[in-house]
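Same chain, two partners: subunit A is paired with subunit B first, then with subunit C.
The block that comes next holds the complex of A and B.
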């Protein structure tokens, strides 16, 4: 074999283990659950192969699943919005600060290294019946009995915001940091107020980062089932909880496949939409 | 004026991110029976109980072995793929890149279900092997992103110089490329390990009955009520997963400084 031919083959050799892993552990399994969603769980517990529309009929027409799907999207949307409102000013301060920028950035990375389950359960110490807030209120004599603050939709959203805020701030920061500040100076010197400069120069230029952070927060938020179990009440199940129930508790794998694919379709459509308009570049910047 | 307001807001946002975590650390030293306020005194008793809890020690062993194997496999595969993407003119590079990061574009629950059902059909039941396969595919995109970012900065002419001086490609790889790659490999491994060590979403689907990792162990303990032991375990985890990377960064800085100087 010539040197050129070997050289040309090399990248494919290097790529093949990763490609094979993604094929075998992601793409083929996804195709497999598409097939599986048309199988049927029988009374004996064995799954019958075939082409049955029962699971899809149940998943798509039962109001129970539809309501929880809509509620999941609502929770994810509120979470994303709160993250954006809380995170944007913080990202702006980090991007424009001089002295302690490195410290602020390092602190921003810390939550990514602290276990999700610990960050989630940490709110029980704050909001629980004998948590920080209730203890303080009772010690101050404002209330006699603890106020119920946990195990409702609001505490689920709070937990999700706490989990996803660092993703949002980081993505907005990346795009704010990339803005050429001379553009802002130019707007100012041409007579724009600082507020107007922000609205017409800085904000539009930072929208890609805001969109990337928003996509991440929404998709990760809508796909969670741990937070509702830890911080939610019995009626606060999100769509991924239904998937977990079907697969792990009821062992109804055909229905679980159909529900998983529904979730994938909704969230995947968002990712594709994002990719179509903005491309994956910005998202990768924030992740890398 | 406006700037002060923004700074105040930022301080509040940082407090929101860190106060609950500090409370976990604080309460883990609480002498009281219950994992809550009021603090009745400082004590290490919960850490001692942790160290004597067989189930928790087992969970730590499982998590560490799983994390190490995941990081070695994932980083090996990831470094090879990154080399191809950064060093060669691969046709359809964008499509390949998107394919390789697909595991993080798919919601983790869906990835977990698909992998569980598919490998089960190949008669790979819930096992350590399934857990490892899941962690590898889930960490791979992160490794590829991090390693690629580091690789771009390594200049090719050093390798070309070695080759032109008569080194074989294999010699060049081990004596020139690999040492230069070391920080990228190290970053990839650290990243893969922390993600694997922290994962719960997929792990709950893949783990066999009776096997617990540290996060699933904490999750199972939460079913009862929050105890000082959970706070102590949380504190240990915080120091391991946040402390280790900080030490890692310090070492990397040191290495970079040495090389630079």
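The block that comes next holds the complex of A and C.
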């Protein structure tokens, strides 16, 4: 084998473990899910193999699934927006700080050391009827009875923001940190105000990070099922809860497979849209 | 033929020119891959005889099992009990369905309907009752219902029983009001936002049957039942999905009233919370069993079941988990605490409890669980 041929093979050799992992852990299970979505669940809970379109017909035509999907996308969009509004200033402060940047980044990473479920449940102790806020309000005499702050859509969004905000901040931070600050200095020296410099130099250059963080927050938010279970009320279910329920409670794996593929298709379409308008290269840049 | 012999033959064919180098290396690679893939499972099978996997409801129930049954059993026999938990029979069934035979061994299942479901899915085993002599202490009525499902044999031993009654905060609801309203307290507008309910479709339909004056094992007006389920949903703070969540909601006073598992309420009362408990007429009675899955190492499992049914173990577990044991009080002295537990029947006949009819509930499971799932989410 020539040196050129060996060098040409090298990237494939180096990539092969990752490719095998992706194949075995992602594509093969996905193929199983696709096959499953065409099976049927019998009355006893056993699966009937075959090629049936019943699950797809139900998933695509039933208004129940459509409504929950739209509600899920709405919650994910609000969460992403809140994360962007809250995350940008935080990322800006970290990126422009001198000396204590490492400490601030460490503080940002701290929540990842605690289980997501524990972090979500901690809101019960903060917002609950006998939680910290209600106890303080009643102790101060501001209210006589606890205010109901938990188990509604707002508490679900709060839980999701708590979960996703660090992802958003990190993505924006990476983008801001990569901006050449002499460009901002140049804008100022040419007479631009600080605000105009931010709007016309800093913000456009940091958009890839903002977009990458937004995409990540939206996709993760739309796929969550723990947060609505822990912090949501009876009508705050999200689409992943339907998948969980079909598979676990109703033992209807075929329908659950069709529903999960439906969610995958919607989120996949969103990624394609992102790719069309901003390009995946921007996402990679944003991810550092 | 062992692997060494296979390799020697393959090598001989290669050396003799029977196969080319690429095929030889390919076959060696494939054998290595197959060994690598099967080893974890083979290891599981080999370990099966030295360990038994047990799955239960978690929380105080699991603690009682671990402390009073598993640890002493391991100490006595050297067989490790791997202790897992689940939030409900449906969730566990899904895990079992995705597993290899023998991966899950014993489950603390609730209700004869679960037993029948698992049996219908081909997951039942046949216990050798000679290996479980302590079965003689069990209330006969409890074993008879299981035998009917599995044609006279047993795939489980009954272990405890209890009720899903109504728990209420005495600061806000008096015992008198509870007696007067019964199951309808869960539809009382006065407690809107302070009512909860288990997210289990059977329990919801059972209580809706009581609220609409119907037989919980044979409702005829399903429209009225779904309407009651919707009314309850609209008054609800949230559906709870585990015993731990139930206890937290009651203890933190997030809710004032919910249906609840008798043993969990007793645990709250023991902790000093002023929570009342009432079984309305035709309240939901259930019995739990220790179900052995098909493909499990039968002798170690039977030995564990026999150990767990020994009166001293069974009583200790019952006192720990706050559910009366399946032991017949006319045959075994159950001590002082057990007669004080909710749902305890000193006669051993259990005539005062209404159990779910497996044929009725399993026959409607597919339709009702799905419909309840929708109503639960606001439809």
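Just so we're on the same page, the second predicted complex is superposed on the first by the 256 of 288 C-alpha atoms of A that agree within 3 Å, B and C clash if a C-alpha of one lies under 4 Å from a C-alpha of the other, contacts with A are read in each partner's own complex, and residues count from 1 in each chain.
Keep in mind that, in the parts below, a residue touches a chain if its C-beta (ideal position, glycine included) is under 8 Å from a C-beta of that chain, and two chains touch if they have at least 3 such contacts.
Remember, it's a predicted structure, so these values are computed and weren't measured experimentally.
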Simultaneous placement of subunit C and subunit B on subunit A, clash or fit: clash
First (subunit B), second (subunit C), both or neither touched by A:5: neither
Partner chain in contact with A:247 - subunit B first, subunit C second, else both or neither: both
Which superposed partner A:130 touches (first subunit B, second subunit C, both, neither): both
Partner chain(s) touched by A:41 [first = subunit B, second = subunit C, both, neither]: second
Contacts of A:33 with subunit B and subunit C, given as first, second, both or neither: first
Which of subunit B and subunit C A:140 touches, first, second, both or neither: neither
Partner chain(s) touched by A:237 [first = subunit B, second = subunit C, both, neither]: second
First (subunit B), second (subunit C), both or neither touched by A:150: second
Per-residue contact with subunit A, leading partner among subunit C and subunit B: B
Residues of subunit A at both interfaces, subunit B in one complex, subunit C in the other: 124, 128, 130-131, 229, 247-248, 253
Interface residues, subunit A side, partner subunit C - complex: 41, 43-46, 64, 68, 124, 128-131, 148, 150-151, 229, 232-235, 237, 241-242, 245, 247-253
Subunit B - residues contacting subunit A, complex: 2, 6-7, 9-10, 13-14, 16-21, 23-24, 27, 34-38, 76-78, 80-81, 83-85, 87-88, 90, 96-111, 113-119, 121, 133-134, 136-137, 140, 142, 144-146, 148-149, 194, 197-198, 200-201, 204-205, 214-215, 218-219, 222, 226, 230-231, 234, 237-238, 241-242, 245
List of subunit A residues in touch with subunit B within their complex: 10-12, 14-15, 17-19, 21-22, 25-30, 32-33, 36, 86-87, 89-90, 92-94, 104, 107, 110-111, 113-119, 121-126, 128, 130-132, 135, 139, 162, 165-166, 169, 194, 219, 222-226, 229-230, 240, 243-244, 247-248, 253, 256-257, 260-261, 263-264, 267-268, 271, 280, 284, 287-288
Interfacial residue positions of subunit C with respect to subunit A in the complex: 88, 90-91, 93-94, 97, 117, 120-121, 193, 201, 233, 236-239, 241, 248, 252-254, 365-366, 369-370, 373-374, 376-379
